[in-house]
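Two complexes are shown next, each including chain A; its partner changes from chain B in the first to chain C in the second.
Let's turn to the complex of A and B:
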């Protein structure tokens, strides 16, 4: 019974959310069916549309993976947005200086980005482990600091002297990622993201470390009594979570923007967290949720252009969906299933 | 409120306090209440979270009494009070009851019942065992009933129920002069019979506890010292709430303590470190197997593989499966397969699973808290047999139980814990009434 239900609830919620979105289109004097059609075509209807969806999915899927890792170990990392920014800033800082072998440069950029993301979550992880500071507060505050710091960097240390806007110097063209297929903007970044999801899924399900992390997340008191280093495992999960979000930021610079500017992240970390909640902290399911949200984002731009229904309406969907799924799960928990 | 001063906390707790009050009046209240109830409340400007837990509890009690309530319910108010303060508290309660208040006191401690109450209701495992006036009964009778209650057949549903005594003060009844005052505490810590041997060589004992006090017990608590040699089994027999559980969890590294605990040669850090306890060869069977013993949402094989699952990069599922099957058979865990969720097992089988895991590593020391609570007779006997086997293999075993019959079934030493103090060894033939008085802190 439990397996169908796990699929059924999110699927039903997604369908309901789409139906709601379509009926809201009436408010914008558009036909609901037209709006849905524009949404579908804009996200999956052409090479360009698919490229756009995959492009948007990279950051969401990776931050969702980061959120999964944290959730499975019983910690809530709301700071994915900040860690994404830290990763992007690190990529923008080291990237322009790297020329020569593009593969080495790319690896160095992504490594720096992941490291920066992990470092950015570390204060919250250590404070939670040593001083019981709630990570929900500390990670969200680190988001604000990251946004301000990124704004400062593109106006100060990282500013491109040649440009008029507050933005960093561009990565060399040879280092930036090429489009994956002609006619679309998607790059190999999305493949990196999907590979990371696969690795994470295996890590959680099939390694000794994954089993320990799950035990800590499922039953913290038992894990401690059994003799697991619960504090250290949680810090590790935090760091891994931050590294995935940082990697997402690095790929955004490497594959999409080529540089850092302000504002940069625009909520990708929060959407990733929503995808992980919708995917019930399962890496693969969360990746599908992330792809769905990315398609929604790409499609809603097309919907606005073609039917005049504001794209902002589609931005409601992730929030409504997550609330619906959480409510369904709480209900299931109460009825003891 | 931890971040506020004593004066402010008492002003909030006192329901007779005016809406607006000067700092001076709030200060005066602290002195007045401390005087009136004989309780040490700390300085008026002290922040409450800087004070010891006992003082905090006294502030709460003083605040509750200050409002002169018509009905007052106190749940184990004396857990952190010294004997003098307990006596003062009972004097104050008596005064309020005489002034017309109805007071309900919930306590585990028989001595308190006979130090000023009018009526009592004895509860055991959720059922009322006796209701009577204090003048119609004796401590020995209640002690005997208490024991009968805790020795009664337990069922899984009732496993979380604890015996409690309800003690009621009633309007208009005459005070029991001369009955208050604390009971004599039995069993001041004696030097353990192994003390001489352990002085000669520390490594001779699997467990060495010296000048020990578990965190959260009153500061005036006597310091404990005892030791267990290889093959020795010691049962700590206590009514819940007397600190036997606290001793066990502190030894197992789950809570902090003061003093010295050695498992084998290793001294455990006093901040509490379950990993150090395990590394020294300790095994722990917690009282709450569902919360602390097992990860209910993992399957049997996974539970048995913790805390060190086999495999270098990937989990060695085959090894886990083999190990699980072997443990399941050896410990007669009734389960469909190793991939059954631990949460799906019955209580007895969950407990066998915990033992199967804990005894797998041939521990030097096994600490087992209420290991048979909630189990049927057969399962209880199986658990005892397993612990005896560990003993025979050279381990030391420390058992905590609240059931006197059970205590002697282990065929090891039995010592009674009352208010955190350890009695000498109790002989096997001790009559239930005497045992009850000992456990209730009334002296032998």
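Let's turn to the complex of A and C:
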């Protein structure tokens, strides 16, 4: 049986999502329809709900964009979670010291965050180039190092002496982002994320640099043969990917939390990577996948409250969806379409 | 055993079990970077079985069974299904984290109260049998790979799958069997963690041990016996981080010593990787 890939893959994803949601609801002794209704209302049913979805989408959409940039150049960046944390830590480190003009302070915080994210890629890029260490392994360890180091920072160097919990000092209120509309918590951070997606989509699809990156990703040997510096282009995409994840971490501190605490990231980078895999490394499609995961996250809190189905379902569904899509893609690939 | 050494050994055991399984799977030519997810599933299965009245050994058995199922799922997607194993593993970590967090909330309710479970009892040198087995596992694996026919088939599947295929062997079958065993060992690793040093389940209780196990395999350059010193090193670093945290020393920045196990693993990768030793067909689909 030969089913075209463009039909099979989205159909498998939709079926897997619905089947997972329904069976998890049944497992929790709830009605699947009521759980779905609570999910929908909790993510889109009110201004507060929409604000919550947009708030959660910032980190996922930006890390998904980072994943796309690296994937298109042939690098699987599993380190987005660590790069996100590096950005958040940088924002929490420089933020409290910046008073004065809020716009300048915000720009400085986000610049520091993006830079930290890009720098957190460096060990993996160097180890890949000099020691032949696969990026997959080094970035996974860099995630672990970032998570444990962030835990250490909020207990040590960055600790707020006035706080009861291990957390960093808060950003000045004047620097933190205001809500975008009344009744919801979303800030302009989500606009930064969507802008970044648009810029990235154009960069990849319509610029000479994008063409070079895609060439390196699709056929590194051929790219090298026509004189492209494939190693340098890969590192550039990898660092850009880290910068986007770092920016996401900085925006999380600037727009949502105002400080760093432990644990902080809770899988944002992994969810973003799942969104990029689901969106087949296309920035716009991946952003939609990221918005969907964010809606799931926002709606799942309301669902837990109303129907008793644990909100952790929002962490499980992205993984199941990626597995379904991988299986469908492998199957479509074998059936020769 | 003295306190520090005992904690080091107890912390090394889950790493050894998971890394031994991963090493077997990688020697067969596949790679499961979702070990962390399977360890979490094993830890949760042990916790859930304990909550339902099973003793520590019943809990361990539940974890092994769950690990076998996890290995079966991986084989289905990444071995028989020929999906990219690295992407399957990435998704598997999300599945393991999400499924166990979901299950934990179902069992523990929304309160998040800590539910302690019964731990494994010591049998020798103050260590439970499962911990002693963890140190035996690399030795058994070495003998299996070097001295038995199925062990040779594993090496063939990882080094030259086309030849194994041409000789009438089934690469898919060999790698799938390795995946089941790797799942069982990772599940046991997760269980040993919650049945010894941290006798409860919390979300993400494995705290990156699956990632450390992956690095250990490279550090051991795919030779089972070399897993033991590596696991003791990482276990010791983790024990040191615990001790310094409890002692509140400020001589070393907190961030550095809490991150020490990961930093050591990354350094070990850098040292070992350049020297090679990886199975030639690692990560390639079965013919």
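Just so it is clear, the second predicted complex is superposed on the first by the 322 of 337 C-alpha atoms of A that agree within 3 Å, B and C clash if a C-alpha of one lies under 4 Å from a C-alpha of the other, contacts with A are read in each partner's own complex, and residues count from 1 in each chain.
Everything below uses one rule, namely that a contact is a pair of C-beta atoms (placed from the backbone, for glycine too) under 8 Å apart; a residue touches a chain by one contact, two chains touch by 3 or more.
Keep in mind that what you see is a predicted model, and the values were worked out from it rather than measured.
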Contacts of A:15 with chain B and chain C, given as first, second, both or neither: neither
Partner chain(s) touched by A:277 [first = chain B, second = chain C, both, neither]: second
Partner chain in contact with A:319 - chain B first, chain C second, else both or neither: second
Partner chain in contact with A:7 - chain B first, chain C second, else both or neither: neither
Between chain B and chain C, more extensive residue contact with chain A: C
Partner chain(s) touched by A:226 [first = chain B, second = chain C, both, neither]: first
Partner chain in contact with A:144 - chain B first, chain C second, else both or neither: second
Partner chain in contact with A:157 - chain B first, chain C second, else both or neither: second
Partner chain in contact with A:78 - chain B first, chain C second, else both or neither: second
In the complex, chain B residues that touch chain A: 252, 254, 274-275, 277-278, 284, 286, 291-298, 302, 305-311, 313-315, 357
In the complex with chain B, residue positions of chain A that touch it: 202, 206-208, 210-212, 214-215, 218-219, 221-229
Sites on chain A touched by chain C in the complex: 24, 27-28, 76, 78, 123, 127, 131-133, 136-138, 140-145, 147-153, 155-157, 263, 267, 270-271, 273-274, 277, 304, 310-320, 322-323, 326-327, 329-331, 334
Residue ranges of chain C touching chain A (in the complex, touch as defined): 33, 77, 81-84, 86-88, 90-99, 101-102, 104-106, 110, 203-204, 208, 211-212, 214-215, 218, 241, 250, 253-259, 261-263, 265-266, 269-270, 273-274
